[in-house]
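Each of the next two complexes has chain A plus one other chain: chain B in the first, chain C in the second.
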Partner chain A sequence: MTASPPRPGERLLAGYVGLVLLFLALPVLIVIPLAFSTDASLIFPPRGFSLKWFANILERPEFASAFRVSATVAVVATSISLVVGTLAALAFVRYRFPGRDTLLLVFMTPLIFPAIVLAAALALVLSPLGLLRSIAGLVCAHVVLTLPYMLRTAIATLSEIDRSLEEAAQTLGANRWRTFRHVTLPLLRPGLLAGITFSLIISFDEFTVSMFLVGPGLMTLPLEMYNYSEFTLDPTLAAISTILLGLTTIAIVVIEKLVGLGRQFS
Partner chain B sequence: MVDQIRGEPVGVELTRVAKSYGAVPAVRGVSLAIEPGEIVSLLGPSGCGKTTTLRIVAGLERPDAGEIRIGRALVNTLPPWKRNIGMVFQSYALFPHMTVAENVAFGLRMRGVAGATMDQEVAAALAQVRLGGFGERRPSELSGGQRQRVALARAIVTRPSVLLLDEPLAALDRQLRESMQIEIREIQRAVGITAIFVTHDQEEALTLSDRVVVMEDGRIVQSGTPAEIYERPRTRFVSDFVGFSNVLDGRVAEGGRELGTVTLTAGRLVPVSLAPDIAPGDEVDVVVRPEKVWVAAAHEAVPTAGHAFPGTITHSVYMGALTYHHVAVEGVGRVVAMVPNVEPATSGTLAVGSAVLVGWRPESALAFRRNDPGARAAS
Partner chain C sequence: MSTAVSGSTDAVPMASQRRVRDVSRLMPLALLAPGIVVIGLGLVWPIAAMLAVSLQDKFPDATRVTLEHYGTVLSDPYFLRIIGRTFALATVVTVIAALVGYPVAWYLARSNSRWKHLVFLGVIAPLMVSIIVRMIGWTIILGNEGLINAVLRALGAIDEPLRLMQGFWSVVLGLVHILLPFMILSIAAVLGKIDRSYAEAANILGANPVRTFLSVTLPLSVQGIASGSVIVFCISVGVFVTPIMLGRGQVAVLAITIQEQMVVLVDWPTGAAAAMVLTAGTLVVLGLYGMFIRRHARR
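Let's look at the complex of A and B:
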């Protein structure tokens, strides 16, 4: 029994990685060469090699600031989603309580709702709270958006964990917390990593909802790029995309490595 | 915490314990006292409440009613991690993200044992189950029998007060199961631990236990030594559950004492041993185990005084160490007799078609009332 079937977290991640790669592959072939082009107009194939578009990013502080906003929002929203999603998954999988199915559906609605409806709704809720045009407001919105992904992967992984493993830990002297810490959590890890990846990318990439919540002085990177493209359509955007592509690839490779290590556990 | 001197076994006592899952009663009023150091098996068909009883002792399930004591302490509300028990699950429940050594060390770590002491105890426990040198493997790299032994090592390394085993051998093949039975027994003796063993395999229960507790429908129907359970089953259900028997139907002719006679439906009057509440005139099933039936060639001397019925061997099943002879007996019916092959079975004194005499000692034929509610599980 050396080759046991992959756990759902891993399967999800593998499938996800495959999809992401496919999705990325085509535009990548065009975007990366363009980023190093000498021409200001988007000509393919490029006629020379230069790094001036990367230099241009550095010359424009609004990109760096937007990147910081997006990264902060992605990391904070993902952290909150991770904690809330894991705890909620534990409740959904381990307990049967009245209203369970309804509540689960409520958690999942952002997946089905049209983004624009959600955007308007969030703006209407956050505005009276004074959270419009604030990082906190963006974080709130992104938690709502990323939670379903986190919850879904956590529930899938958790329901595959044999209950008797936790019971065995308890008979061996582990109280609830230590059982979670030493048995449940390590087994949940691949699923949570998949959820984290989903969540970070969903948040970083988010456009529609963020558009309602940003304003002068507070821009996310996708919106900043969009603003820029309204006035100038040069390879600067390709350069930014190339950087993001690099970061995403590194993140996925690192997580693959971590989960790859986890694979020999099963 | 259950108070316990390390290595000193303690008793377990259940008093009128009951547990339902919703509307489904799983355990209905089980009372059972287990002596310190005793190994008791819970035997019964699927769904009779064995696992539930074990889980109640472990604290994994809270009973609706009744009391559970481990040692002298009432543990009803004590969570599993404070009960100082060791449990071997049917699925073994080895932690897949830990090595064998880490699995075994888990209980020690939870008790604050660490470093060299921990390593020593882990090594000793693994040696005890003959898995020295397997410490660095993952559970996924072990065979079923090896996993089972890791589970056992993990459960005993903490020197628990009580060891609970839920059909730990069910997944193993026969040979491995038999050697593991001996191993479990030896380890249980060596460690001097009180053990409760769940099984639905009667042979396993008989070989492994000081005492067998037979359960049916969430209740204990009989509890006794393996010999008592096998030789003196109290109900038809117990009799059927712990081994194959000949079943002959008839009506009590003479009774009131422990021994009596039954007129079989087929005609003959046979000597039997009667359950206390059976009176003349009662419809009964007479149950005789094959090894209690003797067979002799018709011209030979009858082995014991008493009844001997003439019959003909209709067919024989040769099993190596013994042979089952199916004998058509006039006025009785078909009787299966088990004969050890003391002489080579090829010598042919008991060939198919030969005329024979069969018989049994009156105390070997047990009469149970026909409509005994326990009789419905007839084999």
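Let's look at the complex of A and C:
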């Protein structure tokens, strides 16, 4: 069955798959040549070669400060999600309790809940608390948004851990905490690292919810890029995109090496 | 009777056993507590607050409870057109994603090719690329001086650039690009679990490949199409960036209107009512999906 030469149908399918992959990759990769263009607008094909758009990023302090805000929010929100998500995953995988399935569904809701509604609703409750236009407010929102990703990875990883290893540790006299610390946690580490990478990306790229929570003086990078695009569509944005693509590629390689990207979605 | 029996067995455990059981009963609650706080304060409470605002006559400083904002949203031709366009957009995107994605899912689930892993990476990687980056990419492709117009001009097919950037279909294109991976992965997950001997049996019984596909494999994979469709549809109805960046202000959808009502017009109750209508639409789709899954499981 495996050794048979490809039939015409299979070749046709492979060709079609190639076209779809091109459709998926083209809008992403096309920003790279434009980042080095000498033209002041996004003209294809790009003419000449210059690094002036990268220099332009450095000349505009708002991009650097937006990058700092996005990175800070991503790291803090991911750290909180990591702890909260891992604890919840332990409950979902190791225990059967009434309302378990419903609760899991509720925890996963932010994945498909209309982002615009959640955005406005969070702004509504964060505003009287004085958390609008604050890092803390953004962190609150991003914990809700990244928790499902962290939870899903942690559940997938935990379900695959051989429980007899933990039982062995307990038989040998380790208490619950020592068992968790020295047996469960090391086994969980690759899965959790993948979840962390994923959560960092989700938070860093988040747009709609942040839109309601930022303001003058506090911008995330995607919103700063959007604001810039409202007035100028020059290759500066392509240059920033190229840098972000570099960072994303590193993240993809990290996840792929740790657990395999496919596991994140099955 | 049976409850009495199980009740009596529950009542007799020794003291130490009961202690262990009480601890293990509290343990999941303790583990879940932080998550319940996050979801309660970050999802349930805000949505409840929004529901409350949608029922107020004014915000802030409400004087009475009213349904008038729902009346406005559900009867004003302006809102009705936008609601119609939003759900039409989501439906079109879902159907196209399913049609385009199915063969790729099939390839991922069935192919023995050594390229399969690379195809997998190619499907997943775009999910991790910033949405703004992808919108800029589409602008470069569809713009008046973009890739498509450059190619067509080089081929001599056009003299004036085509205006590809403003309208319903450029938004559809952008959304399909963003959401196609979710559809492919959902269908592939189900296709991968189907026992291939069913299709082989149909073949042996004389069905041609098309017939086998239509009457055996497709019905068995409907669940994957359904779960993929729910994800794509629910994300599509709430999306903001794509219509605003690829529609160039020509494609007003609910997300844009809600933002305008709240931020520009500062009319929170009407915006909140529109948001609740959007949420209700999403919940109806989720409910239908739940019913479908239950009926499917019973078969």
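The definition used in the following text is that the second predicted complex is superposed on the first by the 227 of 266 C-alpha atoms of A that agree within 3 Å, B and C clash if a C-alpha of one lies under 4 Å from a C-alpha of the other, contacts with A are read in each partner's own complex, and residues count from 1 in each chain.
Basically, contacts are C-beta pairs under 8 Å (C-beta built on N, C-alpha and C of every residue); 3 or more make two chains touch, one makes a residue touch a chain.
None of the values given here were measured: they were computed from a predicted structure.
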| item | value |
| --- | --- |
| Larger contact residue set on chain A - chain B or chain C | C |
| Which of chain B and chain C A:Ile252 touches, first, second, both or neither | second |
| First (chain B), second (chain C), both or neither touched by A:His182 | first |
| Which of chain B and chain C A:Leu118 touches, first, second, both or neither | second |
| Partner chain in contact with A:Ala169 - chain B first, chain C second, else both or neither | first |
| A:Ser203 touches, of chain B and chain C: first, second, both or neither? | neither |
| Common ground on chain A, meaning residues reached by chain C in one complex and by chain B in the other | 2, 262, 264-266 |
| In the complex with chain A, residue positions of chain B that touch it | 58-60, 79-81, 83-87, 89, 91, 93-97, 106-107, 110-111, 138, 140-141, 154-155, 158, 164 |
| In the complex, chain A residues that touch chain B | 1-2, 4, 162, 164-165, 167-175, 178, 182-183, 186-187, 262, 264-266 |
| For the chain A and chain C complex, residues of the former touching the latter | 2, 9-10, 13-14, 16-17, 20-21, 23-31, 34, 41-45, 80, 83-85, 87-88, 90-91, 94-95, 97, 103, 106-107, 109-118, 120-125, 140-141, 143-144, 147, 151, 198, 201, 204-205, 207-208, 211-212, 222, 225-226, 229, 233, 237-238, 241, 244-245, 248, 251-252, 256, 261-262, 264-266 |
| Touching residues (chain side chain C, partner chain A) in the complex | 24-25, 27-29, 31-32, 34-36, 38-39, 41-47, 49-50, 53, 100-101, 103-104, 106-107, 111-113, 115, 117, 119-126, 128-134, 136-141, 143, 145-147, 150, 177, 180-181, 185, 189, 209, 230-231, 234-235, 237-241, 245, 254-255, 258-259, 262-263, 268, 271-272, 275-276, 278-279, 282, 286 |
